[in-house]
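Okay, so chain A shows up in both of these, paired with chain B first and chain C after.
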Partner chain A sequence: MVPEFWSEFWYGLPVVAQDALWFVFLLLPAILAGVAVVWSYRPFSLVRAMIWRYRWTNALFVLLIAVSVGLGVGLIAQERGIRKGTARAAEKFDLVVTAPGSEVQMMLATVYLQPVDVPLIDGATYDAIASNENVALAAPIAYGDSYRESSVIGTTAAFVTHLSGDLTDGRMFQAVDEAVVGARVPLDVGDSFTPSHGVGDGAEEHAHDGVSLRVVGRMAPTGNPWDKAILVPVESVWKVHGLPLGHRPERDGQIGPPFDPDYFPGTPAILVRADQLWANYALRSEFTTERTMAFFPGAVLSQLHGLLGDVRQVMSVMAVVTQLLVAAGVLAGLAVLIRLYARRLALLRALGAPDRFVFSVVWTYAATLIGAGAVLGIGVGLAAVGIISRIVTARTDILVEASLGWPEFHLVAGFVSLTVLIALLPAFAALSRDVITDLRS
Partner chain B sequence: MSLDLTIRDLVVKTREGRSLLTVERLDIPAGSRIGIRGPSGAGKSTLLFAVAGLLKPASGTVAWGKHLVSDMGAAERARFRRENVGLVFQDFLLFEELSSLGNAAIAARYAKRSSRRRIVESARAGLARLGLDTLGGRRVDSFSGGERQRVAVARALANDPAIILADEPTASLDRASADLLIDDLAALSSETGRTLIAVSHDAALHARMDLVIDVVDGRPLV
Partner chain C sequence: MIRTTSAALALVVALAAPGLAHDAHGQHGDQAGAHHEEDRDETGHNEAGHHDHAEEEAHHLAEIEGVRALHAWTRATGEGTALVFVTIENKGEAEVKLEGAESAAAKTAELVGFQLKDGEPTYVYLPFVSVKPGRKLALQPKGLAIRLGGLEQPLNKGDELEVEFEFDTGHLEMHVQVEAADATQHSHAGHQH
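For the complex of A and B:
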């Protein structure tokens, strides 16, 4: 049983202190072993000379450790980076209302702009949502069209501002033929384009021939797939499809809310923002009806992450198992490497060096290689995570940031402790060799 | 304390049980200079290893004064060598990446804290007297064979041993270097009353010894 004062103390600590203590705790066996083994001797310059003697062999060994440690470190850091990146991408999407269906599919479509065919929400429903007293922002999100790699999304100016704040370039759209582009869309302010119907390979390129939209502004980067999107007034999407424009004839030419339910052709999704945090829950149950589904993308995402939690555990276990295998490999490698030094070790013993000194030389040698490999491995891991994150970001448009965190350092500390303890074995084995046989060799 | 060597009924066997060396009786008074010669494979090195306490004999006794080396465990024998024996090997056996002083004073790395300084000082003095002090901090892998062998001698002397055991110390040296080394070894032992036992084919070395023992077929002829 853990004494109460201890758990009180432990959970009273800041998280950083807990992590740091864990790190020290995991590294402690290595440190204690080092102090105990080397105590009162001076093996270091001898070990340096030994390492230098077979520097390339030793360097190769260190490199192998570094790559294996780097892979383990990279694996868990990458998983966390992707999890955080996807969560950050969904941050701006408080509550989404769509036609009933799969929450996951709707979330993928709305937040990550993965194309999907869905029924539309009609004007009356939109009006009910927009005029709810707790709703601060209700923006239609009308997807379905595209231009090259970019989705063309019909929405409102308020949503653009909600998504990315002030524009970095140009101004907000003010007419049906104007567009604001995401930070990474390869169109400049002033460029014109014709949207295609549909998205990706199935897009019908000439369906909207004769339509020309002009870029008038550019959004700040958001770190999600919307950086690749082109945002237009929702009226523009309706117009392109030959639908009513959302306003009574006498208000023809108006851009943005309020919309007239009778002239509202529909939208696949609505982003809802409550004026109070608590109101989100009330709104969700209010908009969960026969004809509509309301969900929190953040909650759906964490459900997904929760499901994937098992996968994550498998990955962590894999990372640990890999490190164990590497440790076994290190043991075998050391056994071979130490034989390179058999004659020198026999010499030391013939001269009368105490066993404990010879032991400390062998162990310090092994621990130095392991330590160097581990430190280098952190660098390798960081580099690997950096490269993979960049690739993932480019492929998915979800900003994945590379960073090493405590779990990686814990893994490395545990690895170092385990392997330097394992290294005691070849150090013992070195002592059981016959001095005269090795001297004669 | 004087360390006379006394060997009685010594038998050294291989692990398989074949007899390598048999010495019924051998007495060497402290301070003697002894040469050992014999055909290759006769058991000269084995004899040297036995008196150095590097191996555990199958039976019989090897004693230096009151130190009954043949009865000691490995750790005790290591301590005996550390405190009383200076070993010189046929092929130098140096740490190539260390300097001459680093090699000569290697015992300081594992000696008691109190004797480290003395070991380093005496290694430095030994190198100087063997004419190696001008080589400075260079790594010994750049040394000539004669220089290396002298570093090995300086190493053997650094802990001021009462016993010097040398296995073919001049084998890989040219005549001039060999003569210099023989002079050094003989002088070092006669000045300080150390016992010197040197295995060698070299007649010039034999000429400087008090006694030369022939070993044939695993038996010293005495």
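For the complex of A and C:
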């Protein structure tokens, strides 16, 4: 059992301090070993000469360590990058209200734009949500149509602003036949298009023939699949489907809220946002009824991440096991490399160099290669994650950023400590070799 | 659980398991819960209809001025912090605010809400949450909770602790059932006997 004062101290520390201490703790064996081995000797110039003597062999050895360390580092960093990317994509979606069903399916449809056929929320329900005193924004998210690769989503101007802030180009839609496109939609301001009914291969291309929507603005990049979406007034979606336009006949032509419940044809999802943080939780309870389901996409995503947590552990174990194998490989490699120097080391000892000096030379040589490989490995890992992240981003439209975090540095620190300790073995082995035999070789 | 696994692994591989050790503190305060089912514990309970267990029923129910708290539970832990979940029903005429809690078993008790921050699950402090008349408020995994900090003793499955829920209208004291470390809902312990 951990003493209480320790756990209080530990959990009282900022997370960064905890991480930094872990790093130091993991690197400590390497540092202590280094100090103990090199104490009172200066083996460095000799080690430099040794490395230079067989520089290509040593460079290859360093490269092998770098690639292996890079794989471990890349594995951990990539997993975190994807987890963070998917979470960031859902950040703007505080609370989503839909018809009762599967939270995961509704989240995929609403946040990641993987539309499904779902029952609609009616006007009275929408009105109750929109007029709740704690609701700052209640935006219909009406999906189902598409144009080529892009989903066409009916919503309100307030949602567009909430999603991406100010437009980078053009202006907000102000009429039923106007549209604002996501940052990565291949349409320019001024272009016109006809939406298809449905999404993907099943889309009916000519279902909405005769309808022409004009692009009037472009959103700033959001880092989520909405960058590929086309946003139109929700009235536009209702109009192309021949439904009422959400407003009393005398207010025909109005775009955006308030909507009249009697003329509200329905929406598959509503994004709800409260100004007060606590209110989101209260609203979730309030809107969880027989007719509606309210969920936090962040919480659903976290559940998915939780399920994937097992995979994450497997990946972490794989990264560690890989490093152990590499450490074993390093040991074997060092044993071979040190044979290259057997004659020189024997000469050193014949000249009367103390055993401890020879030991420190061999160990410092090994530690230098390992250290260089580890540092280079971090670079290799970062480069690998950069490339993979770019591919994932291009394929999923979810911005995945490559970054290095503490877990990678912990892994590398642990690896360095373990391998430099293992490197003590070939250093001992070098001492046990027979001087005369090695001199004759 | 992740922490135990990682600690064991860390030992086995000497010092080469930092990724795991990190994960453990990354998920601090939240057991990667699988599935939460909002109303099931209540409906399930009613369907069960064990009238013989009225005493036990009372054990899991507390009421003050129209505010009812039902089925308070938490998870077994040895880590010094725990999340307490409960269903609050406002059967009164006025809006009430749940402002927090206190417990003799813990140094601190506060109202928190789940958030996914930068891909990491966390619980953030909330000053209060309102419950309108006739409405329910569910404190449940991946949502609202009372976070107990500085627990005096490890919580084991089957234990009970006393927690006083603080409303703006008064305090409500009730038993909190300790469920398994990976539980997702109250187990109606009394009904299984």
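One rule holds in what follows: the second predicted complex is superposed on the first by the 428 of 441 C-alpha atoms of A that agree within 3 Å, B and C clash if a C-alpha of one lies under 4 Å from a C-alpha of the other, contacts with A are read in each partner's own complex, and residues count from 1 in each chain.
Operating definition for what follows: a residue touches a chain if its C-beta (ideal position, glycine included) is under 8 Å from a C-beta of that chain, and two chains touch if they have at least 3 such contacts.
Keep in mind it's a predicted model, so treat the numbers as computed, not measured.
Enquirer: Now for A:158: first (chain B), second (chain C), both, or neither, which partner does it touch?
Expert: The answer is neither, since A:158 touches no partner chain.
Enquirer: Which partner does A:63 reach: the first (chain B), the second (chain C), both, or neither?
Expert: A:63: touches no partner chain.
Enquirer: Which partner does A:43 contact after superposing on A: first (chain B), second (chain C), both, neither?
Expert: It touches chain B, and chain C stays clear.
Enquirer: Going by the contact rule set out at the top, does A:375 touch chain B (first), chain C (second), both, or neither?
Expert: neither
Enquirer: If we overlay the two complexes on their shared chain A, which of chain B and chain C does A:108 touch? Say first, second, both or neither.
Expert: Neither chain B nor chain C is touched by A:108.
Enquirer: Which of the two partners, first being chain B and second being chain C, lies in contact with A:410: first, second, both, or neither?
Expert: second
Enquirer: Now for A:343: first (chain B), second (chain C), both, or neither, which partner does it touch?
Expert: The first partner, chain B, only.
Enquirer: Mind working out whether A:136 is in touch with chain B, chain C, both or neither, as first, second, both or neither?
Expert: neither
Enquirer: Residues of chain A touched by chain B versus by chain C: which partner has the larger set?
Expert: Touched residues of chain A are more numerous for C.
Enquirer: Which residues, counting only chain A, touch chain B once they are in their complex?
Expert: Per the touch definition, chain A meets chain B at residues 40-43, 45-46, 48-50, 52-53, 343-344, 347-355, 357, 435-436, 439.
Enquirer: Sort out for me which residues of chain C touch chain A in the complex.
Expert: Those residues of chain C that touch chain A are 2, 5, 9, 13-23, 25, 27-28, 32-36, 38-39, 78, 80, 113-116, 118-119, 121, 124, 126-132, 135-138, 142-144, 150.
Enquirer: In the complex, go through chain A and note every residue touching chain C.
Expert: The contact residues of chain A facing chain C are 1, 4, 7-8, 11, 15, 18-19, 22-23, 26, 29, 76, 80, 83-88, 90, 277-282, 284-286, 288, 296, 298-299, 301-303, 305-307, 309, 312-313, 316-317, 319-320, 323-324, 327, 406-411, 413-415, 417-418, 421.
Enquirer: Note which residues of chain B are touching chain A in the complex, please.
Expert: Checking each residue of chain B against chain A gives 49, 52, 54-55, 74-75, 78-83, 85, 87, 89, 93, 95-98, 102, 106-110, 113, 155.
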